[in-house]
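Pasting the structures in now, so scroll down.
Look at the two complexes coming up: chain A is in both, with chain B in one and chain C in the other.
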Partner chain A sequence: REDPPERRYRSASGAAIALRRRQHSASCRELAVRCPRLQLRSLSAVTSAVWLAAYGLFVLTQNSMVLSAAIFVTLIGLIIYLHFMKVDQESLLVIGSLGIQVTSSYASGKESTTFIEMGQVKDVVINEAIHMQKVIYYLCILLQDPGDPQGVSEVVPLFQSSKPRLDCLIEVYKSCQEILEQRKTAPQSSGIK
Partner chain B sequence: MVLKVFFPSCCSSAESGILIGRWISEQNSAVILAVVHFPFIPAQVKQYLSEVQRVTKVSVSVLGSWSNSKQEKEESLSEFLEDLGTIFSHEPWIQISKEGDSNFWSCSTLQKHSNNPKEEEIILVYYDQRKVMLSHLHPPLDTAVSTDHQADDASKLAAIFDTVAKSKILFMTDRYDDGPIKLTHWQSDGVEASIIVELMKQASVPACMLLTFLLSLISGICRSRVLKFWPLSFLWSKLSTCEQLGHRLQHLQVISSDKKAQNQTQLMRKANIFVSLLVDVALGILLMSWLYRKNRIGHLADTLIPVADHVAEELQDLLQWLMGAPAGLKMNRALDQVLGRFFLYHIHLWISYIHLMSPFIEMILWYVGLSACLGLTVALCILSDIIALLTFHIYCFYVYGARLYCLKIYGLSSLWRLFRGKKWNVLRQRVDSCSYDLDQLFIGTLLFTILLFLLPTTALYYLVFTLLRLLVVIVQGLIHLLVDLIDSLPLYSIILRLCRSYRLAAGVKFRVLEQQDGKPLRLLMQINPLSYGSVVQTYRLPTYSCYPKDTWTSLCKKLFLGELIYPWKHKGEKQD
Partner chain C sequence: MVENSPAPLPERAIYGFALFLGSWFGFMLYLIWAYVPETWLFSLGLTYWPQKYWAVALPAYLLVAIGIGYILLFGINMMSTAPLNSTHTITDNYAKKQQQKKFQEEAIPALRDIPISEVNRMFFLPEKGICNSR
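Moving on to the complex of A and B:
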């Protein structure tokens, strides 16, 4: 079994990310973006900063509770960060005629998945947004408004934590559109039949 | 168009036979429900299917053939399977065959009537029949409200979930049943019987009847005319305990009603109410057992009176301080003295009232403590009422202060308009200009000056007593929040989510299984459970009391203008 090729890109903030494409079948494709890994340097910097501050307080107050509280705070903070905030990989599974599944897996192994049925998907587009002081591009799924065939009821942004740059997004966009176009041609052919 | 075959994973080891299920043509997908084994008589199968169709209202039909050959593929069998397609005419005829222990099945379709035999792509989706049958799909919260009729025909997954759930009757036969037709599908290992469960089921009917009778009796007494006379009804509406008891009475009526819950939502509501009541009563009894051990009630009563005394003394000190020069402010001495004496006399009255009560406090507490067996929420409501009764003097001070302050503010504002040659036009609800006489202006200015110079004294009293009142209101609000939390938390749903997470489905997720070239794509459909936040949001029980009806800005405005503020109650009535 060969490993699918990984392509290296950069995120909006300049960190290295990797895009992996997997073609499961003609109408099923998986696109996974691996976010930058957790840096040991920043982790140790934060931990030592908290502990230094706690030690400073301990020297001032002579209360050893401060030290144990600092240990607890770092431990619980780390758990919360790994379980709820640090996203390891974001993947997009596009299955023609079934739907699009968005998965983000957290560093602790937790996975949060949303599946959007093909009937609800109107289109997948690249959009622009202002983030802090710069304009970034992002990929999003437009959901069909059930009442109005032209309208868009909701916009689901993709790859929110990795924030890939435009070149990576175009790659993902093309892959998605290839499958979405199959959907558009299919009902017509069945109609002729 | 891609053909989707939803295949129950429990049938993967079934012997060869035919596939029965539902064909959803608009989605081009087949939901397979069961496998019928060889040998069978086609007429019997057709009759069985029509019977199932009549009961379940799901158009179940024979969709294709299934061959599970342990050894080499036999030529005769495959021909025979193709021939079956002519007996059970279905378009398209799905053929799934499994060879040996291979995970990769070959899957093909036969279309007899179309003249262009186009190669269709097939996706095999495995699903867990039991979980899908038992789960309840929750539509997204925002779309469920807006367009429910459009949502259900748009959603493909809902149709699949619905099909499997409706054909529950198909799965009822367990593996020991011998019918004319041999089926493979999800089966329970026989119905589990427990004596305790059966006895409880038997006992629940008379228990519910008894409860209904008692409840009708109690509600009859509550509605009787004796309790509706003015002072009593006024009193009932002010006590939060009465409202909590009424709320619980409604809950009991919902539980004990003999009407069957019509849908999932009502069933969950009943179960949630039941569990919340049980937990509430259990906590209440725990509290009671703690209270009545080691004469804790007596200790409580012994400390309550000194605390009330102490509060009164502190208030007296505070008033003495206000009557002097508080925080170095120079007040209007005469008004200060008048107000201070008035409040001091009030405290004096209050202390004598407390001392009159003191011999009975322990007895009252003892009997009131018994009510904890009705639930922790009732006990908490009683606590809130007791706090309200014991701080009645603070409430009175607050009302006097607020009324006086309010009067001054309104007087000042209208005189300020006079000062500028304007007046408030009541008919047009606006400020008009108006020419006043010299006398009017003179008197108005004089009154304005007097009011303005007296304002700081009243404002100070108002400020101090408002702060005290806010303290009491916050304590009562916290107690009511706790009561609300116990009342509204859908415990049953949360436990269900914790232990049987597939029962509450928010949707599905797919996992791509291993692939082999030339074989159809295989997906595993799993149930995506509802998040805890949306469980609470969906199944929250409605409560009687609610959140502060004022926003922060309107509260501040009311405080500034000296309008009365009330604790967080729904009817906007004061609690005293």
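Moving on to the complex of A and C:
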């Protein structure tokens, strides 16, 4: 079956993001949200601002160490930003009867992965909450409370860096629910014990 | 039940007038203390006053405290907002302990907190619709 093409959406702050859906098998789906790349104009703007401020300090203090410190700070700051803060792609791999894997790929190539086995997953829902003076919709995994069948022990928010808007979240939600519903109809396959 | 309305009452008028007189008296006292030279006050026999430094310091402290109060309130609000990964965004103690009433035909269903999974299904999976909800 053909995978639908990559569709463009907007994030909560207005940036352009793209959602790619791939179906690997009847019970395995991968949903990846790609964030916009680091723009050259914003990088130049920040670098120019830092270097102009350093030059201003140099003119005031006549200390050339300020200039070399500014270059150093810019380089180190860029590396830290790309490695720890700039997320390139966030993906969700749902394997029915096994679990859900959440991967974040950073701009420097680093990938950080979390796996949640299906026995712990209660549901994947779209929740709305207050975040930084805004109310946003976000997708989250509800983890089952072992003592209480109706209770939720933990909430794992997904797509934290790309923050897609509701239309994108509804697509992801529908795809996930199609896989999760298979759990109810086939309870005998309960994964690795 | 005690009367809680904000309507004017005779007692409230008396309290208001007493507060009005008291605040005028306090203001006059403050002005006298701040402006009248100490020697004149000593010659009258009133010697036990706080330092006149406080006549300027207290209003300054008050204004700065009010300014900081705005920022502090904003910060406290932001700190007490539940983070995105907390269960307080989904449920709370009252919802966990609620009792389910039995479903009666042709009666309005009892008020209860609907679990978020059910709400999501109703909003975002339109083909399930109303006929499948319990």
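Observations
Definition applied: the second predicted complex is superposed on the first by the 183 of 193 C-alpha atoms of A that agree within 3 Å, B and C clash if a C-alpha of one lies under 4 Å from a C-alpha of the other, contacts with A are read in each partner's own complex, and residues count from 1 in each chain.
The definition used in the following text is that contacts are C-beta pairs under 8 Å (C-beta built on N, C-alpha and C of every residue); 3 or more make two chains touch, one makes a residue touch a chain.
Being a predicted model, the structure only gives us computed values, none of them experimental.
Once both complexes are superposed on chain A, the partners chain B and chain C fit side by side without clashing. By the document's definition of touching, of the two partners only chain C reaches A:Ala129; chain B does not. Contacts of A:Gln177 after superposition on the shared chain: chain C is touched, whereas chain B is not. The superposition of the two structures on chain A yields an angle of 80 degrees at the Cα centre of chain A, opening toward chain B and chain C, reported in steps of 10.
In the superposition on chain A, A:Val156 makes contact with chain C only, while chain B stays out of contact range.
With both structures placed on the common chain, the touch criterion links A:Tyr138 to chain C but leaves chain B unconnected.
Look at A:Thr47: by the touch rule set out above, it reaches neither chain B nor chain C. After superposing the two complexes on chain A, the shortest C-alpha to C-alpha distance between chain B and chain C comes to 12 Å. Once the two complexes are overlaid on chain A, the chain A residues touched by chain B in the first and by chain C in the second are 153. Those residues of chain C that touch chain A in the complex are listed here as 81-82, 84-87, 89-91, 96, 115-117, 120-121, 123-125.
Remark: chain A residues 122-123, 125-127, 129-131, 138, 140, 142, 150-157, 160, 170, 173-174, 177 touch chain C in the complex. Those residues of chain A that touch chain B in the shared complex are 24-28, 30, 93, 95-98, 101, 103, 113-115, 117-120, 146-147, 153, 186-187, 189-190, 193.
The residues of chain B lying in touch with chain A in their complex are 1-2, 4, 28, 114, 116, 121, 123, 125, 143, 146-147, 150-151, 154-157, 507-510, 512, 515, 520-521, 523, 528.
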